[in-house]
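Look for chain A in each of the two complexes below; its partner is chain B in the first and chain C in the second.
The block that comes next holds the complex of A and B.
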């Protein structure tokens, strides 16, 4: 990754032709190359270690159902991290919004309703969840941009609040019995592609367009690399931050919806381990934790790498705890390599 | 010089007083010695953790790995002592846990000081590593037959008496360790070169280096020392629970950070006091233990704590923003 404006333009153009871009990465972006090599290495190692279980159609299809939730959450985390902040509340938002959606679907649909009516209620539930997600994000954005609380504290507090609200609403119980048409989102597939994966790809597409084809993306990156300069450059930092956290909230609510569609139930403390995993993925994907730079391709590769690693270790019948151990080592190794590698020329701000 | 009525510690103290009076007027049981001792007892282990977190945050970093370090040290130390099967005095157990913690903390410190990695990410990674290693290779099953010396230490009370109502209340010996840690760290932060160096480092690392502080050493010292303290806190947890459970403390990190920040320690580094951090802890422990006394169901806890963090840090941030905009209008 490079912070020279001229180089950036060079790498951006490589997105025009994705099929050709792998070769360009080799020359232009050391971090993405390294990530790609790591991903392939992990895949090949796992394929050699357990060819029967890892390289089967079953394992690939189960992977395709598993990683989209983490992937969507990582996109949300990426947005806030590019802005120079962090969003610890994404899982809180995901849980709160998915519980609201589940309550709309379970409580409001009258018994023996026709397929059309229940579809309508499902749509209402989904829209409700997304609106609340955006509102939660706006609350974060307001506290960060207007009041000036450091993002890590805002989202630490709002995470407790959102999860707390979810617990208050449900009194700690799980909501079960979602309508069948809704669970189809989590478990069905279209032309052989699982629905969660399709949703993830749509999110990637939207985030890609937003970051690379809209002024918002450029503004976000400028804000993240130097807020003072961006303010003097005529960017409304407050608006950009509000939008960023609102988008993060929206993505989190989508992840929450996919999550309850997968498990067919909603509970206040689902998926708490996703917070740390999402940070892991985003940092692994080469997003600068101090803000300013980050590429969607990197984050997607990082999610895939972790999924290969995790499924491969599952195929080897290794326990979950050992996975934590490996993930920690991978994260730290990648960070150290990024620093030690002489190709990393961008200046770092002091650790913090 | 700031007047003491303008410090954030003062505001936290007032909030705590109001909370105490509010809870006490609703339910007289709050001011009973049993409840008060209960508050103290439930702050013994978190008390050391807030001291750790306070030091790290003052130095300009953040540490989420201390529960993993505490768990790792207490569990492996207990296991080693059981394996040796000698009748070792109790301080050896604490020393062993402390040394294991020191080693783990130094891993954090070296990564942060020499590779200049962001502290949150490093400690997230090592936290996952430590607990993964512990649960995979050392063991994941709770040890309930502690070595005799530890068992004895856990049973010995520091204070014990029976109230008029006939309830026996008491505090374990470990409260002395926490008190000692608090006093030592308070003196160190205020009166020694290392302590002042930690403040300087958190305020501005470049200036700290220019005026001659060895910032690499300071960072290693902070994370190593915090690891040492975390190891000891883990051992206290073992003696208080009378068992060594490898998943006991995990997941407490965010609440501890919240307590420290509520106590007026600035997350950007360079500001904060021991008293503030302890007041923040008292606030959180009171909410956790006593909301139920005034008839608020326990599932409101999380919401209340979250709202407190937002309001508390919001007021502080607003004040800083106002004063810094005043300052910048003079400078530019």
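The block that comes next holds the complex of A and C.
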């Protein structure tokens, strides 16, 4: 027995090395490497094609305001997809919760309130939105984990429900006139960094810790790769799924708040195209649609790639429809590369 | 010299680095009952899949009727008369007997309309050939395992089979049904059909076959006429070592048992189970598939909580409603199906190993303590002698034996008091099997209580101090471990009641 062990120890000295190296991290996952190369490639191509518009400070600043909403929604989508499910209701949750927040901030706020009072109402609105986001997520989680309905059906239904509720509440009208202090979240900057970007970075940090450093994250990934084995392994599947969908709801509500802060209004049908885009980003980012695997870095790189592509095409004055076409091509291309390249690796060193 | 029906010459086959078949040759003659013997995991199943066209060999040639077949696929194999009856029979439980037998043939002819009366007629003919009388309209799911097997055989005959390969056909049969199957096989032989009988049960091998091919660790060791072999030689060739029948013995235990059940029942699965396990005991539990043994284990582990009766841990009545309850009471379970229930195949060895203890590996911030995890993983890899490239590689890259050690390590890391093992050496190579047995015995000597569920009589005999036999949801007998032979098993199991008949069905459909 001991000679087996010593044989093993000879081959994996890297296992004991706790230090971090970008090179090893990138090479540990072929998908991340490829994604990184694609991201750089898209950036360089756009820079060459329209150096003056794409590489300008204005363009970077507008990008930094644009992608955080999609980024936060993608993080929400990622969590449910790692569990082996999907959450189609995130945009519905984002709209419903942000409408509630907007109503608190616009309709409940007393006329001519002092700055202090309106800050209080803003805070109440934000907290309200986040709590309702968590509740909406728990509802999804309950239907998935306790009742056992497939996630795609549950969230398709709840998407309709949340959206319908939002329309009923607002009678289809937009809520406008959010307090200035709140709009600052959408349009302000701190030391030159746009607020939405800061919020996105905070979300990334929290999601990273949750997924990679907390036992919950490991349980989520194990559950996603084999729910039967996780049950036999002593994981409380129900609890993990409830938490996952609740977190997805929370992130969706944050995305909703950023969205209304950016546009200074709330409406029931904002950002509906974000659902499919979020799925696209997550899959592009290397999250396994069958569950079990996913890296935050991948999702972030995928969001950036799509933003570069989108802003670059704008700079080239390419129409919106053509943009969708190119996004689709990129997605399919990356899928093909992802499927084909591991096969080629196998051929090179058979029976490794 | 008789004419060869199928010849496999110097077959090699690897899967992701595991060399499953190494230069294996096999020849089966017309009208011959040939036995393929070997321990679990020696490559028998892979060889069958090569000859039936499921796997293409990396090297080597396949000849059927002397003709070289380099691109054999399953359809060609069937057309050449090679039929395999797998352990699960591949039949459709929701269809009737007639449909199961004749539907494939109908579909293969690409007719637009199904001729039901003709289908029934062909099904009847096929059943007559085997010499059995079954209701053609009966739904297959209501039949016994033995009847399902006969249907599979009848279906094979429909395709003008020349060779019928039976993969471990007696695993789920009672002694009586085994006798009936042997009569069917003799009948087929008289009709000139060759049989390849795959088994690791020595008694059957000797009784049935004319020639025996023995495989070990992916190589064929010997191919010999049955009358040239005897039991000792066969075991020697199968295991590569002289039979070392050492037994696990403990003195009679009297104190408070670690685990005791009192009239434990689960509706439709088992009833009135009263057993006790003392510290240091390895208690065997055996019975046919569907006897309720797995359900009992899963109830003790909280997966399907029992509906009646009591469980005592160290003399205290405990309520086990979930896996977490069982874990809390120090009960661990290594499940029957390693691939679907035990492992997260795509995930790393590390994660597979720490899943059940991860909540105890946190630092003061509630984050996973990487150092603690690594030291846990490293210590178990060393203790159980797991051979792996790196703890970060996916667990699916390991051999069966090493995978089983990973599942074992996961639960031993949780420091259990009672360990339930369900089929601990299924699909595990002989070396690993011995090592795993050694680990279990050592742990038992240190005071662990073990419940070992197995089909493998020698495994039970050598490792258990007592063996319990289950049948139709009840414990029907108990034997001393070292005297638990095939004869004792048959006596306990088949002698229990002869009014079987009806009840067989219930036992086997579960």
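In this section, the second predicted complex is superposed on the first by the 318 of 352 C-alpha atoms of A that agree within 3 Å, B and C clash if a C-alpha of one lies under 4 Å from a C-alpha of the other, contacts with A are read in each partner's own complex, and residues count from 1 in each chain.
Convention: contacts are C-beta pairs under 8 Å (C-beta built on N, C-alpha and C of every residue); 3 or more make two chains touch, one makes a residue touch a chain.
Treat the numbers as computed from the prediction; the structure is a model and nothing was measured.
Colleague: If we overlay the two complexes on their shared chain A, which of chain B and chain C does A:174 touch? Say first, second, both or neither.
Modeller: neither
Colleague: Would you check which partner chain A:293 touches, where first means chain B only, second means chain C only, and both and neither mean what they say?
Modeller: After superposing on A, A:293 lies in contact with chain C but is clear of chain B.
Colleague: Check whether A:229 is in contact with chain B, with chain C, with both or with neither, and answer first, second, both or neither.
Modeller: After superposing on A, A:229 lies in contact with chain C but is clear of chain B.
Colleague: Between chain B and chain C, whom does A:198 touch in the aligned arrangement: first, second, both, or neither?
Modeller: In the superposed model, A:198 contacts neither chain B nor chain C.
Colleague: After superposing on the shared chain, does chain C or chain B touch more chain A residues?
Modeller: Counted on chain A, the partner with more touching residues turns out to be B.
Colleague: Looking at A:150 after the superposition, I want to know if it touches chain B, chain C, both of them or none. Which is it: first, second, both, neither?
Modeller: After superposing on A, A:150 lies in contact with chain B but is clear of chain C.
Colleague: Tell me the contact category for A:124 with respect to chain B and chain C: first, second, both or neither.
Modeller: Neither partner.
Colleague: Where does A:103 make contact in the superposed view: on chain B (first), on chain C (second), on both, or on neither?
Modeller: Neither: A:103 stays clear of chain B and chain C.
Colleague: Considering only the touch criterion stated at the top, classify A:47 as touching first (chain B), second (chain C), both, or neither.
Modeller: neither
Colleague: Do chain B and chain C touch any of the same residues on chain A, and if so, which?
Modeller: 351-352
Colleague: How about chain A: which of its residues touch chain C in the complex?
Modeller: Chain A reaches chain C through residues 1-2, 4-5, 7-8, 11-12, 14-16, 18, 209, 213-215, 218-219, 221-222, 225-226, 228-236, 292-293, 351-352.
Colleague: Mind listing the chain A positions that touch chain B in their complex?
Modeller: Those in contact with chain B are residues 86, 88, 143, 147-150, 152-154, 156-165, 167-168, 171-172, 276, 279-280, 283, 289-290, 319, 321-329, 331-332, 335-336, 339-340, 348, 350-352.
Colleague: Under the definition above, what is the set of chain B residues touching chain A in their complex?
Modeller: Residues in contact with chain A: 60-62, 111-112, 115-122, 124-136, 140, 205-206, 254, 257-258, 261, 267-269, 297, 299-310, 313-314, 317-318, 320-321.
Colleague: Quick check: in the complex, which residue numbers of chain C touch chain A?
Modeller: Those in contact with chain A are residues 14, 16-17, 19, 303, 322-324, 327, 333, 335, 340-347, 351, 354-356, 358-359, 361-362, 366-368, 370-371, 374, 378, 381-382, 384-392, 410, 414, 435.
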